[in-house]
Amino acid sequence: MIKITEKPIDVQKVIEVASALGAGGLNVFIGTVRNTTKNKSVRWLEYECYEGMAVVEIKKIVDEASDRWNLLGHAISHRVGTLKPGEIAVVVAVSTPHRKESFEACQFIVDELKAKAPIWKKEVFEDGEQWVSAHP
Amino acid sequence: MIKITEKPIDVQKVIEVASALGAGGLNVFIGTVRNTTKNKSVRWLEYECYEGMAVVEIKKIVDEASDRWNLLGHAISHRVGTLKPGEIAVVVAVSTPHRKESFEACQFIVDELKAKAPIWKKEVFEDGEQWVSAHP
Amino acid sequence: MKYKIKTFGIARDILGAKEVNLEVKGNQVADLRKHLSTHYPALNDLNSLLIAVNLSYAGDDIELKESDEIVLIPPVSGG
Amino acid sequence: MKYKIKTFGIARDILGAKEVNLEVKGNQVADLRKHLSTHYPALNDLNSLLIAVNLSYAGDDIELKESDEIVLIPPVSGG
């Protein structure tokens, strides 16, 4: 399952979808909105997404992970819209026969998703706002 | 939270306990009972634990993880008793400011727990049973 | 050639709209890049700017048709 | 010395009970090990056998009191 959603992410649901009977290990990463960035207090974040392409790009990442590890199940959910500190922005869950590969595959997918998926976030502070990573 | 329990583990609860507002990443490992081991079909597993010492040993592991990474929250729950394939045996959740350290700290705790905590499991097959890792 | 360009994130702020119609000399991605760089110089300050054509990242030598879905992809920051 | 020994996992199967009272010559962990090795030779086939005294793993030179909580720890397999 690869999903982009405006609604709060149901972590339990993501885990269930990624589960598989032959699996011994399931690893889950939950990315939440931090309340500060570079010592500035974050009021909220605005996430947006080029949805059609984001799903395609994340699918490519999962396919690459499947080539490298024995993925028995996976589920990825990314939220868009307005998120407050503490809210969940992304959940990635993978299950594999053994535990080591569950950690490796999950971290690979999270790292690649952050580097490649066409998703953007703007941090809104008391005194301004900025698109994350836009400028050097 | 470090807990040994005979009841099914509530994953959502473990995640909630490990959450922390300043955290950007929360990593969760869920270890489940596999339905086969060395191509033999597993009917069920019997887990037992030297409870007083298990909690002490896992506490030491968490303390060591805290020395190495910036753990903002943690929760570990290990089940004992009779578990069927697909049931959850252990859940480890840690939250940290950044994602990389959440993966590293969680994997460290899981690896150390499996190597050091006084917990034992016996696999029960159609035609016999064996204590896991007891013999060369 | 006339292209309809979709924008996201800071590229939308710079171009001023979610969709912009541009009249570009030439029909390659490189020609579109040159046009953007000249008319929207703030794009040159970004860490990167990729151009997606029909849901795939496109190199400079890709030829554009007026019916293509063309999207500006400024530095991503998901997760 | 008389010690009450608690057992878990395969050590319980080998000693035949969850708690066993042993009469051991000597008062060190090493003496207990020697006694166990002689009277329960199946323990020698295990990958490892640690001895915990009052909730900590104990080296061979640790002295035992009859009131200590002494536990046999065969190879662990949690998770």
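The letters A, B, C and D name the chains in turn, as written, and every chain counts its residues from 1.
By our rule, a contact is a pair of C-beta atoms (placed from the backbone, for glycine too) under 8 Å apart; a residue touches a chain by one contact, two chains touch by 3 or more.
Values in this document were obtained by computation on a predicted structure and should not be read as measured data.
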Taking each chain's C-alpha mean as its centre, the one farthest from subunit A: D
Separation of mean Cα positions, subunit D and subunit B [Å, integer]: 26
Subunit B and subunit C, separation of their C-alpha mean positions in angstrom: 49
Residue list for subunit A, restricted to those that touch at least two other chains: 31, 99, 110
Residues within subunit D bordering two or more other chains: 79
Chains that touch, pairwise: A-B, A-C, B-D
Partner subunit D, residues of subunit B touching it in the complex: 31, 47-50, 52-54, 56, 78, 89-90, 110, 113-122, 131-136
Residues on subunit C engaged by subunit A in the complex (per definition of touch): 6, 8-10, 13, 45-47, 52, 55-56, 71, 73-79
Of all residues in subunit A, those that touch subunit B in their complex: 11-12, 15, 19, 21-36, 85-86, 97, 99-100, 102-103, 106-107, 110
